[in-house]
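Here the structure is laid out as structure tokens; the discussion comes afterwards.
Going by the order they are written in, the chains are A, B, C and D; count residues from 1 in each one.
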Amino acid sequence: MYNNTFGNLFRLTSFGESHGKAIGGVIDGFPAGIVIDMDFIQQELNRRRPGQSAITTARKEADEVEFLSGIYEGVSTGCPIGFAVWNTNQHSNDYDNMKDVYRPSHADYTYTEKYGIRDHRGGGRSSARETIARVVAGALAKLALRQLGIQITAFTSQVGPYILEKDYTQYDLTRIEENSVRCPDQELAAKMADYIYKIKGEGNTIGGVISCVIKGCPIGLGQPVFGKLHAALGNAMLSINAVKGFEYGQGFGSMEQKGSEQNDIFYNENGKIALRTNRSGGIQGGISNGEDIYFRVAFKPVATVLMEQPTVDRLGNETILKARGRHDPCVLPRAVPIVEAMAAMTILDYYLLNKTTRL
Amino acid sequence: MYNNTFGNLFRLTSFGESHGKAIGGVIDGFPAGIVIDMDFIQQELNRRRPGQSAITTARKEADEVEFLSGIYEGVSTGCPIGFAVWNTNQHSNDYDNMKDVYRPSHADYTYTEKYGIRDHRGGGRSSARETIARVVAGALAKLALRQLGIQITAFTSQVGPYILEKDYTQYDLTRIEENSVRCPDQELAAKMADYIYKIKGEGNTIGGVISCVIKGCPIGLGQPVFGKLHAALGNAMLSINAVKGFEYGQGFGSMEQKGSEQNDIFYNENGKIALRTNRSGGIQGGISNGEDIYFRVAFKPVATVLMEQPTVDRLGNETILKARGRHDPCVLPRAVPIVEAMAAMTILDYYLLNKTTRL
Amino acid sequence: MYNNTFGNLFRLTSFGESHGKAIGGVIDGFPAGIVIDMDFIQQELNRRRPGQSAITTARKEADEVEFLSGIYEGVSTGCPIGFAVWNTNQHSNDYDNMKDVYRPSHADYTYTEKYGIRDHRGGGRSSARETIARVVAGALAKLALRQLGIQITAFTSQVGPYILEKDYTQYDLTRIEENSVRCPDQELAAKMADYIYKIKGEGNTIGGVISCVIKGCPIGLGQPVFGKLHAALGNAMLSINAVKGFEYGQGFGSMEQKGSEQNDIFYNENGKIALRTNRSGGIQGGISNGEDIYFRVAFKPVATVLMEQPTVDRLGNETILKARGRHDPCVLPRAVPIVEAMAAMTILDYYLLNKTTRL
Amino acid sequence: MYNNTFGNLFRLTSFGESHGKAIGGVIDGFPAGIVIDMDFIQQELNRRRPGQSAITTARKEADEVEFLSGIYEGVSTGCPIGFAVWNTNQHSNDYDNMKDVYRPSHADYTYTEKYGIRDHRGGGRSSARETIARVVAGALAKLALRQLGIQITAFTSQVGPYILEKDYTQYDLTRIEENSVRCPDQELAAKMADYIYKIKGEGNTIGGVISCVIKGCPIGLGQPVFGKLHAALGNAMLSINAVKGFEYGQGFGSMEQKGSEQNDIFYNENGKIALRTNRSGGIQGGISNGEDIYFRVAFKPVATVLMEQPTVDRLGNETILKARGRHDPCVLPRAVPIVEAMAAMTILDYYLLNKTTRL
């Protein structure tokens, strides 16, 4: 639940640095008897993989996962699932000039102060390459959730000044993969892509917002009071690199609305209790209520810009840094599957927790 | 870390329903040897107490804490600190008409579905009265942090349409307690108070934003990758009743700014490494960097409005509900010490965790 | 799982010192919907209560539990169950002469060295009075296990040189409460009682062994590899005051037996898989196999003897200590319900964990 | 703390089956800045390795560890240490006849019942080959403890009827590695080896006892009440395959001794508080007191005997099983480093926990 382990009953413990031998982890508490669809898992990794389009980093990495345990004849055994994704295309020399220099708004300074030592190559452990392990574990979680009829879909809803205006219910979320930005509005997606491409040309970077919708979540997930479902989702999202904010339901918006305007009214729909609106975002009192769960995640612009920046080295000497290497101008498109992965792990964990509510 | 326990090394396990015998808890992992300033703890509870001003609920509750263990001759012993705050002014009859009726946007429906049973009186466990235990534990955490030179200050920065425009550094945060809203801008505070009073008169409610600043936090707190300091803070804040969002540093704002505009530049200030800006919000790579930590927390309007609302009962029968009882028109003023308490617990927990980084 | 919290999903967090205001705790994760039989709980506390017979301490304590939350109209709600047992008969003056003196083989020295401070009265937190909280939580666990058909019975199987010779299957375990020692062999029980009475007269103390049998445990409890069921039971038992050893199945005995002699042979009994013997003690590979689980727990003699002992004070000055107060000559009879309580909590916790093995 | 994760702050999460691709794990919370002595780690693995003498299994496995992360330029970085030991000499065909047959006193039946699926080859996850991960993590822990002056030594003290009679203080524990049994009495070791060799010839197996001594442990380790140091050690030992019992200090022995005979008396030795005896086994009130910690661990005979045994298959059909494969006649010699490893991990974990006792 801290350091390098995520989750309570379904747990990922991850390891690996950007330029080390591998990124990997151990998935524990995965239910026994789930058929492991390897193609699906690789497809999820491909969605996160660098070099997938003109607006992502040019790095080429195979990012193929090798499972080391816990699966027998294609089925999960209930034993821990060890896995590794081997690092193969590392250009560590790109980082030689940064060995003792602190990149602005990166983790270089804080890691060094905390641990007294740091693998500087490619950002080491603080690299977003670490999220590979999350995508693997999230893909497994999705396989389990699929059996439960739970679907998780994330998409880019803002890039710099370009904002998806309408509510998610107004879009066809099955068409997100049709553009490189992963935005359900194809026209807006084109503008976002152009904008990112332009930013990339400047050697600069830009942030944005990813939205996520969880459909089919049963009533009852959430462990009040400190394990409220949205607190767990927020914790999961805020653990992703570059995330600066999380909101669900009405969130920070609609602050001028009064209680009478925000409450979701119950009614009887053909004998079943139903809700006229879902301003709560599918969670009430920290527990899922069966409606769509939706939330938004804010990402800052990538800190690595390909332009000269003043900074200091470890000894405090002022210097000028110009990053080399291959970097993303905008993390959003590749972060979409990561948001989904963290959501999937959280929901599966809370599904398992909820099984223990009654004898 | 879920259900009713918060924290890793410094841990609060809380209990209690709104109309039960007591709200209380056990604080474990509190460092030995801390002098317990009882007046300070009660003062913190008073900041949260209902009935403190014209814009809060009219309920009168003493909210005095009784410590049951873990303190000997006024000093913490390192043993668990049990405590109780006795419920004394409960009007349970106010809730008789809600026994089987689901209040809109409350936890009534989800608790019933999850647990199959629920103490409906005053919201039971889902009542914000539960936060008393947080304020007690937070006050203890503050006593420890005080010895470390760490100060935590929260304040109301938005109520409905009224927004504190300037950066927190432009205000005197020591003057927050001078108005009933707990806003550092005294003029704006007066407007907010008037507005809340008006909303109260309508039987309605309104939400807003609480901001929080942590000063004096040492470098190095945060346990990457899943225990990033801001993820822990976000988790803590999202566990508070009525919270819908969390952001730190630039958060959801400034999305049009590029990486080159958002990066915090290092320089050498008289031989020490320093930062020209603090857009990161005091945390980089999930680890505190010694700058002020600041974040914002979104609260929705209280769901209990004193007007008729359509709803259903447990059997799905449609009905009209009119809440009785004494309720807050705006939770913000009383939530300020709760935000501080959750922040204090998180920081102390992470301070202790960080002590184990090196041998 | 450490400090003052026991368990994973079903969890007791306890607090309280021997001469403080109360012993109590919070029980979290207790399944919703269990009818709380208050008489049964008090009966369990009575089995542990001092002063129940001529061979226990003469202290008189009511030891009545007051529940503070989590129970509504006599049924568990799934919310945390806070409780307190008020201390009423403390003779703190009995300990004035021990304030700065370290009692031999007690926790006085180690607590002082670890925490720098200690409530010396009655042993403070290290007093066996702490086990009251375990008995309360264990009684609740038993109520849940009863619904599952799981029965836990502990009994005294050795006191000093008096040893129960035969296998537990040779005795009527329903007759344990018929004598003050809680031994199923009534004749041996009488000898044990006489012996304890004699030891008491000498101002001395004696240890022994408690055995425990768990019947009706379903197949599948146990979370390999680090959560083997017997490891959890061992951990639970070793956390009880004065316990020095734990063994299950063949344990330390029968070391001259070879593998071929110790293996439990499967056979087909009327179409069902059955075992000819149960030398494994009901657990194989860390997982319950449906047979009786049985184990033994070694207790050392109580360290408080009513005779003069040389010792030192906090400053290292040598001195002579003669304990006052009312103490047990033999902890075994009153420890029987404590062993059962810890077993019940463990089994319920592992039952809940096992519910999450498959989707 | 359950399933496949061991420890609180220093944590091993392990994975791997006997005949899968690898045994490995992730070590989290290992202090930053420790020089990693690779030769030492391999040497520890060699002590556990099969085929090391005439009295162990004839299997040949290189058992070389490959570290995948967390170490930079030979020093621990505070980031998670992933590692794998590749399986290279698996004869899976040896197990073809056991695919659906339940080996007596193995985990075959319970794993199948719990998980509904099982990798039967070589015992799968329930194989003692899993302990490789423990030895790797334990070797790292030892490197940290070495800096603290803490030494851990285990040795074989009983094999079948052959028992080390005298107290551990009477032997030279540095000479344990001089014989294949790892017993400090060279003459007795020879008899034990002969006996094991004879048992092996019979196709049978034998159990015994491993003792362990921890020297140089500082005062103060242990987290009462549920995290008593000996409870943690007991839990650790009982999690090792084939372990049936744990005792420390006087344990199950000396039951005829009275309190006055078992108490350890304090005295003043040249101005320092000292103890005349150490019957407590270095732990009082669950906290280390600075004396030697010693404990004993009971191992049952290996369940795999190379003789015909009646049993059943998955469908309940009775059959005769004759194990093939290469097996240990006695697990004790190779289990000595495993006991040490579990002790080392526990002590390091509790050392780190104890650092958080005071501010």
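Just so it is clear, a residue touches a chain if its C-beta (ideal position, glycine included) is under 8 Å from a C-beta of that chain, and two chains touch if they have at least 3 such contacts.
This one's a predicted model, so the numbers in the text were calculated from it and none came from an experiment.
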Neighbouring chains common to chain C and chain D, by label: A, B
Maximum centroid distance from chain C, chain identifier (CA atoms): A
Pair of chains joined by more contacts [C-beta pairs], A-D or A-C: A-D
Length of the line joining the C-alpha centres of chain A and chain D, rounded to whole Å: 39
Rounded Å distance, chain A centre to chain B centre (Cα mean): 26
Distance from the mean Cα position of chain C to that of chain A, given in whole angstrom: 46
Set of chain B residues in contact with two or more other chains: 3-5, 14, 29, 32-33, 78-79, 114-116, 125, 224, 353, 357-358
Footprint of chain A on chain B - complex, ascending: 1-6, 8, 14, 102, 104-111, 113-116, 125-126, 130, 158, 160-161, 199, 202, 204-209, 219-220, 222-228, 230-232, 234-235, 238-239, 244-252, 255-260, 262-268, 271-273, 279-281, 283-289, 296, 298, 300-305, 307, 309-312, 316-318, 353-354, 357-358
In the complex with chain C, residue positions of chain B that touch it: 3-5, 11, 13-17, 20-22, 24-26, 28-29, 32-33, 66-70, 72, 75-82, 84, 114-119, 124-125
Chain A-touching residues of chain C, taken from the complex the two chains share: 9, 29, 31-34, 78-79, 144, 147-148, 224, 352-353, 355-359
